[in-house]
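Several structures are given next for inspection.
Both complexes shown next keep subunit A, but they swap its partner, so subunit B is in the first and subunit C is in the second.
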Partner chain A sequence: MLTLDRVTSGYDAVIVLRDLSLSVSGGEVLCLMGRNGAGKTTILRTIMGLVRPRSGQIRLDGRRLDTQPAHGIARAGIGYVPQGRRLFGDLSVAQNLTIGLMARDRPQRTRETVLQLFPRLRERLNQPARTLSGGEQQMLAIGRALCMEPKVLLLDEPSEGLQPSMIALIRDTIDALRRTGVATILVEQRVDTALAVADRIGFVAGGRIAECHPASDLGPDSEAFHRHVGV
Partner chain B sequence: MDFGPFLLLAVMEGLVSAAVLALTASGLSLVFGIMRVVNVAHGEFFMLGAVLAWFVSQFVPGPAALSFALALILCPLVVGLLAAIADWAVLKRLNYEPEATIVATIGILYILQQAALSLFGPDARPVPAPVDFRVQLPWFGYAGYKLVVVAAAAMILTLLWVVLSRSRAGLIMRATQEDRDMARAFGINVDRVYAGVFALGAALAAMAAVLVVPITQAHYLMGGDPLLLSFITVIIGGLGSLRGTLIAAIVIGLTDGIVSTFFAPTLARIVATLAVALILVVRPQGLFGRTAP
Partner chain C sequence: MTARILWTHVGALAALLAAHVLLPAYHHGNLARIMVLAIYATGYNIAFGYTGLLSLGHALFFGAGLYAAGLTAYYTGLPGWLALLAGPVAGGAVALALGSFALRTAGVAFMIVTLMFAQAFHLAILYLGRWTRGDEGLVIARASRQLFGLDLADGSVRFLVAWALFALTMVAALIIARSGLGRVMVAMRENEERSRMLGYDPYMTKLIALGLSGAMSGLAGGAYALLFGYVGASLASVQYSILPLLYVLLGGAGTVLGPLIGTVAMFYLIDLASNVTDAHQLVTGAALVLLILFAPRGILGSIRDRFARWIP
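On to the complex of A and B.
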């Protein structure tokens, strides 16, 4: 289980997250929604150690993460798919996957599992990542993170700018991960995707989780979406 | 001597300059490309390599080839270790901020230079070449050791290319070069990569110095020229582009050799500096560099 306990963090003089607490268990999908600038991306970057928390604690299965460097957090079992994918564009598809596999004990088996999940990548293994289509790049970004065999996967707006068939593939992937016991924190702007894949939906406002509801209690017209997402 | 043989001599001299420059500048290019650090102390790592080679030649008994071979292994290791310590003690603490590291490496430059003056003295000192033979061409004889320098530099650069393009360490360096934060997010210890790259860059400069010191002699102020020429090479080739650096080193080295032989070394420097000015106006990212996204 990943827990954030009263975490405060931000950039230079700007505080973005204020005493934020949340938790997500194995096999659970927590979707974070909120307006632009609410702090959703900062939550993920703080968990990854790319933004250092100023106070509070972050724990994975009881082990402190907030005291570790970013590379130690990744190796502890947190996989990250950032907004805009941020692939290593000059490296090939195979090399991007290799970067993800470096920390693992059984890289060949993990690589095969990822390529079975995204067969399109197998056809593009020697192609530079920057030459892939948007959908293929997102497959690679998710595949690269899965190569880390994460206990918790952080997905920052994975459906942004993708066609419906790709969005459906991403939903299926999240469902498949849920069945394998991977916890997922998904930052998402699309209400339909959030309702389709999330177990719980947390609404971020003012640097905190303002409300959190089981997805089954919400519908497309729920007041919470109007209040926090503006739809 | 006729024009043809004179030109051949100039090209051969240029190849020696190009080989040494390619080694030195590739170290500077690696450090800038991966760490985004403009290492003003790079020339002093070159100087340290030459000075240490002199110490090895003085204190290791036996034939010159033995002490030279030892210097070629030992000096880059010692200089690389010093660079890694400088990275840990100074650059890492400045969080590799570009402006701060320029000032810091200027400080490192003076510390190394004055330390060399104190321990080595102000005089230029010769280091014996490991081999002494002449290649007799129909028009002139040529020092065989200079051809050894070209061959050795080509071998080291080929090895560097293989490491960067084929090895796991090279893959890690290239990933870190592209996106430092993402490298961290995928379990790469970026601090260790930076220390290794800074050490490798300095070691390449030291290797170049050990190779060339039997031709030029060791002196505590000898770091200035290699630094200037390396910057010129890296700017013309494209900041952070190793391929561009190698091609620019060959062009500049050959130009340096030809202009120095036919006219004067000072004119060769003027030509190189004018070429940088022209490149900065016409193609600021260099011949093989990329514009910022």
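On to the complex of A and C.
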């Protein structure tokens, strides 16, 4: 289980997260929603150690993460797919996946599992990552993170700018991960995607989780979406 | 390793040997010097081309190898192989020592820190003129330039030893480039933050890369001292920090054969231009500007991009 306990963090003089607490368990999908600038991405970057918490604690299965460097947090089992994908453009698809495998000494069969999840990547193994389409790049970014066999996967707006068929594929992938026991924190702007894949939806406002509901209690017209997402 | 990669590199080494047989004697000395400088550029390429570390202080590593080998040969009378070995050991050790704190900086700050230490080393050589003879330098006697019974002052021996050392360095670079470490180095160059998020320690990866780069640069310095019998402060000046950068940019950063191609091209460009005009640096500069405009990834880098993605 990943827990954030009264975490405060931000950039230089700007405090973005204020005493924020949340938790996500294995096999659970927590979707974070909120207006632009609410602090959704900062939550993910703080978990990854890219933004240092000023107070509070972050723990994975009881082990403190907030005292570790970013690469230590990744090795502890947190996979992060940031907004914009950030692939190694000059490396081939195969090399990008290998980098993911090597990071946590994972065997080649893990790559096979990823390629079964995203068969299109198999056709592009020797192609430089920068030449892939947007959807394929997103598949590769998620696939590379999965090569690390993370306990918790952080996805920052994975459906942004993708065509509907790709969005459906990403939803299926998140569902498949749920079944393997991976906990997922998903930052998402699309209400339909959030309702389709999340177990719980947390609404971020004022640097905190202002409300958190089981997704099954919400519908597309729920007041919470109007209050926090503006739809 | 695929057959075409293997044969491309074997072919490059064979071409260098063939040049020794086919070209007039004037080129033999040139090619020996080119191969030693190509070892240096190959070392620089590990740091800059693969890992993205833009150093302006590699003359420190080249100079450390040059003086470690040169002073050993000049003063101690130890066997040539020990003097030669002192080069990469000194270059690697100095690179690790410098890297251990210079790598806490990045970008422009890293360039300035490396430049500053290389300049301090250059000044130290001048200051310690009693032993180094400063700018005037030391000429190493022929008797001290023996390697396993081979006379390094002999033109053919010098060529073949330079070739063997270049071959060794090139194979090492090829192995590194295709290894897991090589891929992580490239990942670091492409996106350091992303690499960290995948669990890689940027500091340690860069330190290893700089250590390897320093060892290769030190080998080049040691080879230069013993093959050409001269050790002088000018060889550790800032110019020798800029040269490998130009060789690598010209040949193709992040390619195994690019440093050799860049060194050959730059060496002969200067050689030919200086036969035509005293303003040969102007010609060289114009050629570099054209290269940056039309082939910013260097000669081999452009070929790789356009025709042969498989070139390592």
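What we mean here is this: the second predicted complex is superposed on the first by the 229 of 231 C-alpha atoms of A that agree within 3 Å, B and C clash if a C-alpha of one lies under 4 Å from a C-alpha of the other, contacts with A are read in each partner's own complex, and residues count from 1 in each chain.
Operating definition for what follows: a contact is a pair of C-beta atoms (placed from the backbone, for glycine too) under 8 Å apart; a residue touches a chain by one contact, two chains touch by 3 or more.
This structure is a prediction, so every number in the text was calculated from the model and none was measured.
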Partner chain in contact with A:91 - subunit B first, subunit C second, else both or neither: both
Subunit B versus subunit C as contact partner of A:52, first or second or both or neither: neither
Subunit B versus subunit C as contact partner of A:128, first or second or both or neither: second
Touched partner set for A:82, first subunit B, second subunit C, both or neither: both
Overlap of subunit C and subunit B interfaces on subunit A (superposed complexes): 48, 50, 69-71, 74-75, 80, 82, 86, 88-91, 95, 98-100, 102-103, 144, 148
Touching residues (chain side subunit B, partner subunit A) in the complex: 168, 171-172, 174-175, 178-179, 181-191
Interface residues, subunit A side, partner subunit B - complex: 48-50, 69-71, 74-75, 80, 82, 86, 88-91, 95, 98-100, 102-103, 144, 148
Complex contacts: residues of subunit C adjacent to subunit A: 180, 183-184, 186-187, 190-191, 193-202, 254, 309
Subunit C-touching residues of subunit A, taken from the complex the two chains share: 48, 50, 69-72, 74-75, 80, 82, 86-91, 95, 98-100, 102-104, 126, 128, 144-145, 148
